[in-house]
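Two complexes come next, and they have one chain in common, chain A, joined by chain B in the first and chain C in the second.
Let's turn to the complex of A and B:
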C-alpha cells in the first residue's frame, strides 16, 4: 500500500488507544513499580506514557519471549506425541521508540532467513509496531550512529511524531492502516506544513545528540580482518563480569538454547535466551570448549555485532544505539566503550 | 513453512555396547513409510531428543547405502547421553535433521582414500567408509588407520576385524596403552603412517578424532606432501538448533551446523573471528 500521512489531535490520543485496546493485546510503556517504566499491557488508555525515558528492558520479549515454548511433548501411554506450539495472537506495540522498532525489524529479518523460523514469524507477523519518534535524544542513546533513530524511515507500521498540539501519523503498512481505519473520524490528512515541521524536528533532534557516540566504520575494518590484538581483547575483557546483562537488554541479541521443561505430566520444548559471554555457551559434553577464555567470548560478541561479514548479511550493525548496555553493564564493556577501544587500539580505563 | 524445531519420533531398534562407556543406537522412524525415510549424506549430523532431557547433536554413524535404519554411536558423558544410555530396544527418541553439508562423495570418486580416526572420531568416518565399501568399484585404494587409548576403547570391533580381512582395504590399528591380550601396534595414531605407503597426489585424507590427535595427524600429512584441499575433517561444536540461528556453533560468520561440519583445511584456515 502507499504510505499515507495523517494528523491526530493530541486530545484524541486516549480515544484512539481505547479503540486499539478493544482490537487486541496492546503493549506500551507504562509505570512499573517505583520509578520504573516498563513495556506492559496498560490497565486503561490513560496509563500509556507519551513522555518517558525508554525502559531498561526492550520490548523484544513480545516477539522473542525469554522462555519461548516451541513444541509440546506428551506420552499418551502408548508412545510420544509431539505437536508444535504457535502463538499468533494479534498484538500492538504502542509508543515504542525508534531503536526498539528497528530492533524488532532486525530480529524478524534474521528469523526470515532460510530455513525460516515459523514459531518466531507467526508471532512477529501479527505484531503491529506503532513507534514514537524521538524529538530529543535520550541520555545514553547513540541511534544516530546506527541509522536507527531518532526518526525512522522504515521498520515501523505507524510512526508518530509529537508536533505540539497534534501527532503526525505516518502509516507505512496494511497492518498500520488497520489501526487508523478502526477510528476514521479521529484522523485527517496531514498538511504540507505539518510534514515540513516533522522534517525540521528530525533535523533538530539529530543536532542535539550529546557525547555518547559510536564510530562503527573503523572498528568494523579492524574487527572484520582480525586486526584487534589479543592483548587488547584481554584488557577489555578484564572489565566484563560475564553477567550477560548486555545480551539480555539488547534489542538485537537473539542467541538461544533449547531445553525441555516439565509441564502437566509432559514436557514443553522451549527456546531460552542465552548469552555468548557465558563460558558454558560453547562448552561441549566432552569438556572441550572452543572459547574457554573471556577475551575470546568478548571478541565473539563484537564480531557478531560489528564485523563487515555480519553487516553484509544483516544490512546493519547488530546495534540500534539504544544505550541500554551502557546502563546495564556491571563493568564497563558497553558497545560505545568497546568500539572506541577497538578504533583507538587502546582501552580507556 | 515447516516447523524447524519439531522432532520426528523414532524408535530404538537395536542398542549395542561398543566400549564400557559407548553404545551404538540403531534408529527407525516410528511412522516409517509415507516417504518418512531419512535421506542423508555421510558426515551429516542430526539432533537427537531424549524427551524430557532436551536434544543434542550426533553424527550419523551409518551409511546412506543402508537406508532402512540409521545409527549414532554415543559416549556417555553428560546428562542427555546418560539418559540415552538408559534407553533400550523399542523405546522412543526424537530426531531432527539431517543437518550440515556432509562429505562430498562424488568428489571422492576415482580417488585413493585415506581414513585416519582416533577413539570416538571413527563414527562419522564409518558412515563414509561403508558408503565407499558398498560402492567399492567407484573408488581407488582404501586405507583405514585407527587408534584408541586402550584396546577396550576401540569401537566397532567386529567391523575392524572385517576391514582387516578384506583384500580391498588396507587397515592398521594401534592403541596408546596395551593390555596383556593386545598383540598389535602400540603408540599414537601417527605411527601408523610408517606401515603404509601414501600417494598424496591422488589421495583424499579424512581425519577425525580428538583435537590433539587431529593436530599431529594433519601436521604429518602436510609433511608428507598433502595439500590443504586434500585434508578433510569434521568439526565438533555444540550445535543446538542445527540451522544457523542459535549461534552456539558460530566461527566468525560461518556456522559449523550449516556451512560444515565437514571442512577441508583450506576452508578451516579461512575460519576467522
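Let's turn to the complex of A and C:
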C-alpha cells in the first residue's frame, strides 16, 4: 500500500487506544513500581504513557519471549508425537520507541532467513508496531550512530510524532492501516505544514543527543581484520561480571538454548534466552568448552555485533543505539565502552 | 502479560525485579530500573530467577511416610501427624529441634521461631547459614554494641576507598561487585585482602595477600598502621573508643609494612570509605576476632560515623539477615534479643501466651546430630553445612523428620512428613537484605498442586501446639513481628522509601567503640608445608533455586559429571615448583586422614595453598577434619 500521513488530535489519543484495545492485546509503556516504566498490558487506555524515557526492558519479548514454547511432545506408547505450538494472537505494540521498532525489524529479518523460523514469524507477522518518534533523544541513547532513530524511515507500521497539539500519524503498512481505519473519524489527512514540522523536529532532535556515542566504522575495521589484541580482551574481561544483561536488554540479541519442560504427562520444548557471555553457553556435552575464558566470549560477542561479515549479512551493526546496556551492565563493558576500547586499543588507561 | 514487582531470591543484595507471567505460568524476568538497590542491574541469577519455579521438581501434595515410602495424604492428616509425632517425642523426653532458613521469608522464619520456642518449648532453633553469619555479626557487635551494617550497597559506588575482605565478591554478591567496579572505574582505591587473586583483586589498587585462615595477621598489620596514623589525635580516640591500651598491647609487636601503611592512609584520608566484610574462613572464634578487628579499622578511621561510609557484612543468602532478626538463631529471640533477657522474655510471653523455653539451644550442626525430632523449613542441610554427607547420615538417624519445602531435596526425600509450600514466586512476604532493608516479595503465579503459603502451614502447626495464631495474610504475621522485634515495628513510618520497603541502615553516631585486634592463628607444620582450604564461597550449584534452573545449573552440573570424585585446585607456580602433573590424581595427607583425587589449575592461587571447592568438600572430609583449613602433605598418587 501507499504510505499515508494523517493527523490525530492529542485529546483523541485515549479514544483511539480504546478502539485498539478491542482489536487485540496491546502492549505499551505503563507505570510499574516506584518510578519504573515498563512495557506491559495496560489496564485501560488512560494507563498508557505518552511522555516517558524508554523502559530498560525492551519489548522484544513480545516476539521473542524469554521462555518460548515451541512444540508439545507426547509419548504415545510406540514413539513420540510432536505438535508445533504457534502463537497467532494479534498484538499491537503501542508507543514503542524508534530503536525498539528497528530492533524488531532486525529480528524479523534474521528469523526470515532460510531456514525461516515459523514459530517466530507467526507471532511477529501478527504484531503491529506503532512507534512514537523521539523528539527529545533519551539521555543514554546514540541511535543516530546506528541509523535507528530518533525518527524512522522504515521498520514501523505506524509512526507517531508529537507535534504539540496533534500527533502526526505516518501509516506504512496494511497492518498499520487497520489500526487507523477502525476509528476513521479520529483522523484527518496531515497538512503540508504538519509534515514540514515533523521534518524540522527530526532535524532538531539530532542536535540534542547526549554524550554517548559509538564509532562503529573504525571498530569494525579493527575487529574484522583481527587487530584487537588478546591482551586487550583480557583487560576488558576483568570488568565484566557475566550477568548477560547486555544480551537480554539488547533489542537485537536473539541467542537461545532449548530445554524441555514437563507438563501434563508430556513435555513442552522451550526456546529460552541465553547469553553468549555465560561460560556454559558453548559448553558441549563432552564437557569441552571451545570458549572457556571470558575474554574469548567477549571477543566473539563484539565480532558478532560489529564485524564487517555480519554487517554485510544484516545491513546494520547488531546495535540500535538504545543505550540500555550502559544502564543494565553490572560491569563497565557496555557497547559504547567496548567499541571505544577497540577503536583506541586501550581500556581504562 | 503480567509483570509483578518482587525481590530477587538469591544473594543478600536484595535486587528488585519483575516476574513476568503469561496466564498461570512464569515466562521471564525484567529488571526494575528505579529500585534503590539494583537500579536496573541484575546478575545472571536474577535474570534466571523464574526458572527454578518453572522447572523445579516441586512437591505438590502433603506426603507422609507409610510403610517406608512417602505417600500423598490430606493437609489435615499431614499436620496432625507432625503434631502427634513431635508431641510423642517431647513426652518421651527426647530432644527436638527446628531449622529455619535463609531462603524463607521473615514471616515463615518468625513463625518457625514461635513454633519452636513457644509451641515445642525448645531453643534448638537455628539455620544452616548461621555458621557463616554469626561470627561476622558477633564481631561487629563486639566493637559497635550492635550488629547492624553502617553502609549500604549504594554507598560503595560513591566511596573514595574500599576495603574488601575477599571471598569472591564477583560470584557471591554480583550487585555489590558491580558497585565496586564502577567506583574503581571512577578512581576509587580498592584494597582487597585474601588468599586468592580473584577478579576483584586483579582490578584492585592494592592486594593484601594472606595465608588462608590467618587473615588476622594482615588485618592486625592494617590495624597497626591505622592506629599509627590515628595517634596524632589522641583526644579523638579517647572520646570515641574504649580499650586503646589493650589494643596497643595486642598489636604491639606487629610489624608495620609499606603495603599496610599505604592501605591505612587511603582509608583514613578518604572522605567516604566502605569496608566490605565477607564471612571469614577458619575457626568461628578466629572469624569473630577478624570481623571485630575490621570493625575496629572502620571505627579508628572514623568511617562508622560518617554518612555514606561504613561497614557492610556480606551475608551469604537472600534472607540470612531476616532469619537472624526473626530469632532463628539459637541464642537470640526475635529482634536480636538474648534468650536470657528478662524484658524480652516477658514481652514474648505476653505476645505468644506461652512460657518460653529457658535451656540453651544447639546450633544447626549439633542439633542435626543430636535431636530425635526435627522440623526443617526450606533447607537442605547436607548441601549447605560443611559436614556435607555426614549431615545425611545424621538425618537418617532422626526418628521423626518433617520438611516444609517448595522443592524436592535430599532432605525432603528422607522426611517422614513433607509439607509442600509456595516458592518465592508464589507467596507474599518480606525478606531483609544484608543492608537491613525489609523488602516485599509478591506472588506472580499460583503454587502447584495443593502447596500452600509457608506462613499458613506454620500457623496450622503453631495452632496444633496451642500457640495462638489468627492471621488472614502474611501482612498480619508481619504486624505481629513488629510487636516481637522492635526493629520491625512501625516499619512503614520509619521507611522513607515506601514503595520499595525501607532503608534500615542507621548511623552509629555518638557511641563508643570497643577496639579489638584479630590475633594470629596457628601456621602449618614443617612436614606438611601445604595448606588445604575449603572454599567457603557458597556452592550455589546445590541450591534448589540453581540446581533446578536449566540455564544457571549448567556449569555446576557439568563439573559434577566430569569429576565424580571431585578435585582440588593448585596455582600454576606451585604445581611447577613441586613437579605435580596437573590433571592427575594426588594424595593429600593430614593428621586426620588422607584422600586421593584429581588436581586442577586455578588461576591466582598462591604457592603453598590448595583449594577444594565447597561442592567437593565431602571428598576430602577425612583430610580436613572439622576445620576449614588444614596442613597437608601433597604427593602424586
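By our rule, the second predicted complex is superposed on the first by the 344 of 349 C-alpha atoms of A that agree within 3 Å, B and C clash if a C-alpha of one lies under 4 Å from a C-alpha of the other, contacts with A are read in each partner's own complex, and residues count from 1 in each chain.
What we mean here is this: a contact is a pair of C-beta atoms (placed from the backbone, for glycine too) under 8 Å apart; a residue touches a chain by one contact, two chains touch by 3 or more.
These numbers come from a predicted model, not from an experiment.
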Which superposed partner A:75 touches (first chain B, second chain C, both, neither): first
Chain B versus chain C as contact partner of A:299, first or second or both or neither: first
Partner chain(s) touched by A:222 [first = chain B, second = chain C, both, neither]: neither
First (chain B), second (chain C), both or neither touched by A:177: neither
Which of chain B and chain C A:290 touches, first, second, both or neither: first
Partner chain in contact with A:245 - chain B first, chain C second, else both or neither: second
Which superposed partner A:259 touches (first chain B, second chain C, both, neither): both
Which of chain B and chain C A:32 touches, first, second, both or neither: second
Those residues of chain A which chain B touches in one complex and chain C touches in the other: 257, 259, 274, 283, 287
Complex contact set, residues of chain B against chain A: 1-9, 30, 49, 51-56, 75, 77-78, 80-81, 92, 94, 211, 236-238, 240-241, 243-248, 250-253, 272-273
Chain C contact footprint on chain A (complex, rising order): 25, 27, 32-38, 40-41, 55-57, 61, 65-67, 238-239, 241-245, 248-249, 257, 259, 261, 272-275, 278-280, 283, 287, 327-332, 348
Chain C residues within the chain A interface of the complex: 1-3, 5, 16, 18, 20, 22, 25-35, 40-44, 46-47, 50, 54-55, 170, 174-175, 177-178, 181-182, 185, 199, 202-203, 499-500, 550-551, 554-555, 558, 561-562
Parts of chain A lying in touch with chain B, wherever the complex brings them together: 70-71, 73, 75, 79-82, 84, 110-111, 113, 115-119, 121, 226, 254-260, 262, 267, 269, 271, 274, 276, 281-288, 290, 299-300, 303-304, 307, 309-310, 313
